[in-house]
Every structure is written in C-alpha cells, then in structure tokens.
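Take a look at the structures below.
Look for subunit A in each of the two complexes below; its partner is subunit B in the first and subunit C in the second.
What follows is the complex of A and B.
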C-alpha cells in the first residue's frame, strides 16, 4: 500500500502548486491596488467611460450571442455522427484562433477594403473602430464557447420530455420554447453570465478590429494597456477593478448553476 | 368505428418488428418478454420513429402509409402516450402539466382551467392540483401523467408498462384506478406489460408479442387454454412440456423430453415434435398411485410449495417438471407436503392438450 500513498502525495503536490500559481498573481494584483486607489478610479471620467463601454459592449453582444447561439446549439445537439463532428470542428476554429489573428481576420472581412467592405459601404455602414466592432468582436469570439456549453445542456435533456410535448400536440417550435428552454433555464442563465464575463476580458481582437479610442472603443482591458505605459499604479488599480468584476460574475454563475433540474 | 388498424415493419437490433394489429375501442393488453419490441411498436404508432413499410389507420384517418408517402408527425396524430418513466414536465406544477396540451392548442385560459378542473375531479386527484411534480409519489405521478394525456382528447391511448416503476404496495391501487378510468374511455387503448397480474385486470383482449412478432391474440382465458408458446404458457402459469408424438401399433402417444409417456385426445396431431399443456388445477397429487381408469402420471420430488390464500402451488420435478395447484383443504388432507417428499402427479388424458410443433424447437 506504499505506492498509492506516494502517488496521492504526488497528486496533492501538483494540485497545491497549481493552486498557488492561480492565487498568487490574483493576490499580488489585489495587494498592489489600494482601496483608495480603487475608489479614486471612479472620479476619473476616462475610467468611467471605459467601464461604460466595457459593460455596454458586453450587454449588447449578449442578445446576439443568444440569438445566434441558442438555435445553433439546439440544432447541433440534435445532430449526430459525421455532421455533428464537422460542425464541432467549425466551432472550435474561432476558439483556437489567436486573438490578434482573429482581429486581423475580422478587419479583412468587415473592414473598408475587406470582403464585405463594398457591401457595407454601399449601405453606409462602417464597422471597424466603432462600438459595433467591439460588439462584433465579442460575438465572434464568445459565441462558439457559448454554443459548446449549451450543447452540453441540451444533450442532457431527457428526450422523452420533448416527445411527450409533441404527443400532447405541441409543434417542435412550441416544444423548444415551452419545454426545452424552461427545463434548462438555470443553466442558460449561468451561460449568459459566463459569456458576459468572457466578453469583458477580451483584448487582442478588440484592439486590432476596434482600435483603442478612449470614449469610443476603449474597454477596461484596453485602458489597462494604455495606462501601463504611463502610470503603472493606475494600471494596477484598473486591473483590480476588472478582476473584481470578473469575480462577481463568476460568483453569480456558481450561485445559479448547481441545482439543474429538481428545482 | 374508430379502430386502430396497423401493419408495420421496422428493423430492431436483433430482429425485425413485423406486426399486424387491429385494436377496437377498449383496452387491449400487449404482453411479451422484455426487449421484444413492445415499446418500439408504441413509438412507431405514436410517430416517434418511422417504420420502413406498412400503414397505420386510426378510424378514417391515415397516420402513416409507406406507399402513399404519408407520415403524420406525432403532434398531428392525436395519440396520447404515457411513457414508462412518465416524462412529467419538471418546470410545471400538476395543473400546468395537465393543461399543457390545451395551452399548446391555444385554448382560452378560462376554458383550459375548466377542463383541468374537470379532469382533476374525474380522476380524483383534485388535491394534487398545485403540487410540484417533484414532490409526488410514484402512483400520483402516474395519475398526473394519464390526466395530462387525457386532457387533449386523444383518439388512441398508448400506455407503456404503467405500473412497472411503482413499488409493489402502490401497484395494486394504481391497477384498480387504471381499470376504473380506462374502462370508461371509448377509445382504442394499448397497454404494454410483462406482468401477469396486470393482464388479469384487463383480461378481455390480450396480444402476445415475441421477437417482434405477434404470436397470439385472444382473451386471457384463451391464452390459458391454448397457449401458443412456452412464454405464454409460463406467463399464464400453465404447464408446458416439450416432446414428440410417436405412433406405436396404430396408437399415438406423447413422449416428453424427459422420457415420460403421456396420453391425450390427440386431435389433429401428427407424429413428430409437439408440446403438451396442462392446467395446474387439473393435476391432482397422491402419495400412492391410485387404481382406476388410465390416467397420466408422473412420479417426482416436490421442489417448491407456494401458498396463495386458499390455493397452494406445488412444483414437482423429476425428468419433467409439473406445477399442480390444489386447494388449501386438499393440501392439508395430503398432510402438508414439504419439499423433498415424493409424490405422484396425476391428470386425466383428456385434460392434456397436445399440439404439433411446425419446426423443431431448439
């Protein structure tokens, strides 16, 4: 019985090391930012603007993520075999794309000289370097993650529930709306908050596709980047602020997520 | 008449489901061993799976026709189905579950509530109306599931093992309740089960399925008298003995696999593989072989004694196995036989029914 104990010790050591790796920088950041420094942030118009743009862009992206993501996820969870696997690979594409590359790719698709450039110019729409670009970047990066997690939710639904609804005369759309969605509503809410949390932190893709224009496209992440060059202490405070927002969202997810089903 | 008439073909994992069935209004029980395609048959009728060929007619309506390429989706079939695991909606309370079908049909809220109330009263579950379905007992869940289905006025009702998931104490009550509710309905109802007691509640029309085929249809009484297979015989509790009919000096005799010779009327029987059935209550037990008219007899050791109220079932086994059912009085008169004691099982030749086997059973 010696080996298992040694093995357990090994597991424990690795786990502890990982725990320290995660917590140490978080702690360092929170220590570097003083409470007064944090409070002072709220007196600076530029910070408030960045905060506003961060929240606004994420909140605007959310309905689009749901609108595109939910039906796609449901459809995907109905698929099986090769079709499903190829669609899943398609979803993984934006996930593995380096954020900077994603920003470039978005520019080349929606930019003035991009693939859709003429079309967008024709209707007088200019996307890059606007709030719209921030939103589009978030939707582009976050939706695949959202869809992946929602597929897991939909897969877990007992198919009999939907069949029972159909046999009671509900159309497939009614079944989706009145049975499928309500059954996973807690999970969906948690996924929505998770998408917000992820969107708030984007950097690479936004700076390339939307630029770093204070008051227009500068989110908190971008503001940290700008501040770090001139005033590191300001960057630390902003970093702590962003971290607190993320922690808050994470806590919300976990308060909502656990008791799926069974009310 | 609003009969269900169907002819279906559908491949299953190990065999093909090939069923032809007519179901008149009233309860018809589908009986068969587990994994024989009973639930698949219900799913095909409900439109949850599509057969490869065949036709389903419900009254005048065609639900499925392979040749005419008609396949009505489940939501247009007006078929009520109660799943084995019931599938109550966890996000709705009891009234919400029962009213679901009406809500989907855009019935006005007032009318819906009226209908739900009526059903709750009719099925005597009014006290459950506002309950969360997660807090219901197994029997209550069963009642709510049936109420939910009946709320949409189905033209065909499918029940998949309605009491299988209940604990034995609730089973009897639900069976009586089901019997009371179902016999009042005027629609074709198919009730799937693999439980003999359930069949006894709905004994008029029984359909036996084995390996995807319908092998016998009739009343429970007919099954008892003329079981078409070993499964049916064992299921209804009839002795079923395999053997051969041989011709010896112009006379027929049945020899069991165990080598015992039995006599019977031998109507329409030809020499060759055959099986014999005897009802347990036609068999008498004796310590000493009685004299008198020629009878069938088997000497063997008692393996098992089961007392059900005023009846006692005694299993006698040697080379062949026979189950005898005698009255408790008879049992006491024999001096309460115990396992291990040796007895003669005796029955008249005319109580034995022998039938040829088309193919040699393996």
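What follows is the complex of A and C.
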C-alpha cells in the first residue's frame, strides 16, 4: 500500500493549492474589514434591520423545512430501487437550479400572474415583496439539501432496531418517534443548524422573488449588494459580518454532528 | 504522453493566434444597454477592422472594475460622483457630458384603473418599485421626491403617502422594468429612455420637477488612436441621432 513519493508530493501540492484558494479570499475579506468597522455596523439601524430580517426569515423557514423535509427524508430512506432514484432526481432539481432561475420560477408559480396567482389573489394573499416570499424562497432552495442529508442519517440506522420495536408491538409512528428519532437526534440538530447557515446566505432567488426593501425583505446579502454600489468599505464590513455568522453556525454544526457523519 | 500534450498545444496555439480585429473595450451604465449596442453596431459597420466589446453594469460596479485594473478604453457613467472619484485618482481623462435623461413614471399596461397623474401614486395597495439610493436611478428618484415635497402642488403629505407604496428598491433600472413587465409591480420610477420600445405606459412628470440625469463620457488613461476615434464618434451627430431615438437628450441640449 505504499504510495510512491512523487505521487504523495503531487497530492500534497494539490491539497495545499486548494487550501490556499479557499482560505485566501476569506482572509482577504476579514482583513479588509477592520474590527472597528465591524463594531460600527451595529450602530446603524439599516444594518440591524437587515440582520433582523436575515435571522427572522431563516428561523421562520426552519420549522417548515423540518415539517416538509423530515417525513419526506424518512419515507425516502425506506424506499428503494427505481422509485427512490426518481425521487432523488426530483430533489436534485432545485439544487442544480441557478438561483436567478429559481427566483424566476417562484415568481411564475406564486407571483400575481403565476400559476397560483388567481388562487392566492382570491384569498387575498400576495407573496412577492413580503417576508413570506423570503421564507418561501429559503424553504424552496434549502429543503432538498436538508432532505438529502437526512436520508443519509436515516439510512445509517440499523433496521434491526426498528424491527425489534415493531415486533414488540409498537406502531410505526411510535417506532419513528421513540426509536428512530432519538438515534439521529444529534445529527438532525446539526442539519437544522446547517439549513440555517445555508439560508442566511441566499441572494439571487430572494432579490428576484422578494425584492429588496430595507426593513421588510432586505437580508444581509441584499444589503451587501446595495452597499457595494456606493460604499465598498461598508460592503466589506457587512461581508465579513455575514462570513462570521456563517462560520459560527458551521462551528456549531461540527460541535453537534456525531463524529464520522454516522450515528 | 505526446498524445496528451497535443490537444493542449493546439489550444495554446489558438489563443496565441493574432486577433484579426482590433478590440475596443467600452464600459457603460446599464441604462444605455440598447442604445449603446445600436451605436456600436453602426460604428462596426463603418469600421470593419474594429470590434467593440461592451460591458454594461451599474456605474459604481464598472468604476470598481476600472479601479481594480479591468481593461476599459472608454467609460460612460450615469453617476457624476462616481466619475469624479475616478478623475481624482487619475484613472480617467477628458470627461465630457455626453447625454441627458429624464425620469419617467412607468406603469404596467393592464393596471386597472389606470393612473392618470402623479397624485394617483398615493392610491393604497399600489405596488411601487424604485431604485435603491446607492444607484443613480435611485438617487434621482429621491431628488424627484424632494422636488415634489417642495412643490406647493404636491407637498410632503403626498410624498409620504407615495413612499408607503414602495415594495422594493432595485439595484438596476432594468430590474425595475422587469418587475413591471412580469406584472409583479404596478408602477416604477425609471428613465425616460427605458420607455421607448417597451410595453409600459407612463405618467407625465412636470418638467420643472423632473431631475435631469447626466451621463458623462471619459477616456481611461490608456487610450490609442482607435479609442480616440470612437470617442469622437460618440459625440458626432450620427451617434446623437441614435441616442435621441432611444429617448436620450443630446449632450448639446444639457
């Protein structure tokens, strides 16, 4: 199993290059934003508003992601063969959709002239340009990722555990609630935080579907885009802030996630 | 080994072949998209050896790119502060006013009941989309609001009402148009030049209250004979006629 030395050197070089490629821009952004600049952000009402909208929309999206995603993931993990493969392709569809296309698609579905436009109008609901649109966009983009990762969690559970519970007379719902869920609890928690981290950074789909209005639909990523037009320094600081939030969430994920990604 | 290198060599060869046409890179504010594309096409017909590469974006984004060393020979900015910033850093020279533009209030054509005057912008539940204050169209829109506030015919109460209808602040004027064409917004404040050749209606803005947007043309410091020629062409009567057709005011009338 001994690899030739030259090959090892090649692997090391590529790995280092990739490491630098990832770390250099992150470092550059953090260096461009001075600590005082970062602190000054918290005195600006516009920034606090954007931060609030960002957190609020992600937190509102989270229960919906769990409600739709968790049962779907469990069901999918119990499927096999062709059914499972076609359902997985369906899940991948929003994942490979460019964000701008996703925004357009959402407008064409839920917009005023969209497929559901008349129906929503009938009940007096207007989704575009509201916080609801931000939440819906997050749920649309993030849930497939969430389901994909939860399926992996459920797949890793030993079938014997569930079979034993069923043999002992538990209903499938009881088995899911008392046996399956506790096993993947930590993993699910980590996936929830991961979904938050992903939702915080969305941009293209939100600016198209929800518009950009400070205090209503302007999240931090949209604020960065607006700030860049007049005050690049402000954009750098906001960028660093968003990056720090993401790093914090990422660290939480790894503290919570069970080692080796399994149980 | 040889077989693997051959395609790579071929690709290298393709890249190193001399370009047949001289390329001119022109950065222009995104509101100029249609007009500049047409002007460039005319110029290329007269000068088959020249190819004009147009880069459209917000004026601030383009200025950033020029500051970061993006190759541009000419720059047309919709924002005077942005152009002055480049001028102070000696990145551009020969700054001249090229064109003017006016604001227009555009509504989607199937809005019921239709809007008849600026006063109707206060109608409750109207979805109004404007530019964000950081981009030129947004800055001019604020100027219009200031003018309306100061005007005895409108006043501050009316402007407050109008502002309540704002549902989104876009970073590009084309995004405002897109939301109107999609039917998601009812009314938007855009440039007059955005209304030619589009399926939108417009409401008259009193001439006195309508701020005048000015586009400035500049050479960057690395120019050559060809960019000088195109610079002159942009200010010729032929180009002016095209710009006028797209709803711009010629520079001579500024």
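The rule is simple: the second predicted complex is superposed on the first by the 255 of 263 C-alpha atoms of A that agree within 3 Å, B and C clash if a C-alpha of one lies under 4 Å from a C-alpha of the other, contacts with A are read in each partner's own complex, and residues count from 1 in each chain.
We take it that contacts are C-beta pairs under 8 Å (C-beta built on N, C-alpha and C of every residue); 3 or more make two chains touch, one makes a residue touch a chain.
Predicted model only: the values in this text are computed from it and were never measured.
*Asks:* Please indicate which partner A:241 is in contact with in the superposed arrangement: first for subunit B, second for subunit C, both, or neither.
*Replies:* Once the two structures are laid over each other on A, A:241 reaches no partner at all.
*Asks:* In the overlay, answer first, second, both or neither for which of subunit B and subunit C A:167 touches.
*Replies:* So A:167 only meets subunit B here.
*Asks:* With both complexes superposed on chain A, which partner does A:183 reach: first (subunit B), second (subunit C), both or neither?
*Replies:* Once the two structures are laid over each other on A, A:183 reaches subunit B alone.
*Asks:* Look at A:62 in the shared chain and tell me whether it touches subunit B only, subunit C only, both, or neither; answer first, second, both or neither.
*Replies:* A:62 contacts neither subunit B nor subunit C.
*Asks:* If we overlay the two complexes on their shared chain A, which of subunit B and subunit C does A:226 touch? Say first, second, both or neither.
*Replies:* A:226 contacts subunit C only, not subunit B.
*Asks:* Name the contact category of A:200: first (subunit B only), second (subunit C only), both, or neither.
*Replies:* A:200: touches no partner chain.
*Asks:* After superposition on the shared chain, which partner residues are touched by A:158: those of subunit B (first), subunit C (second), both, or neither?
*Replies:* In the superposition, A:158 touches subunit B alone.
*Asks:* Can you list the subunit A residues touching subunit C in their complex?
*Replies:* 107, 111-113, 128-129, 207, 211-214, 216-218, 225-232
*Asks:* State the interface residues of subunit B toward subunit A in the complex, per the touch definition above.
*Replies:* 46, 48, 73-75, 77-81, 83, 85, 87, 89-91, 100-101, 103-105, 132, 134, 148-149, 151-152
*Asks:* How about subunit C: which of its residues touch subunit A in the complex?
*Replies:* Subunit C residues touching subunit A: 58, 60-61, 64, 127, 129, 132-135, 166-171, 175, 179, 182-185.
*Asks:* Quick one: which bits of subunit A touch subunit B in the complex? Just the residue numbers, please.
*Replies:* Checking each residue of subunit A against subunit B gives 158, 160-161, 163-172, 174, 178-179, 182-183, 185, 261-263.
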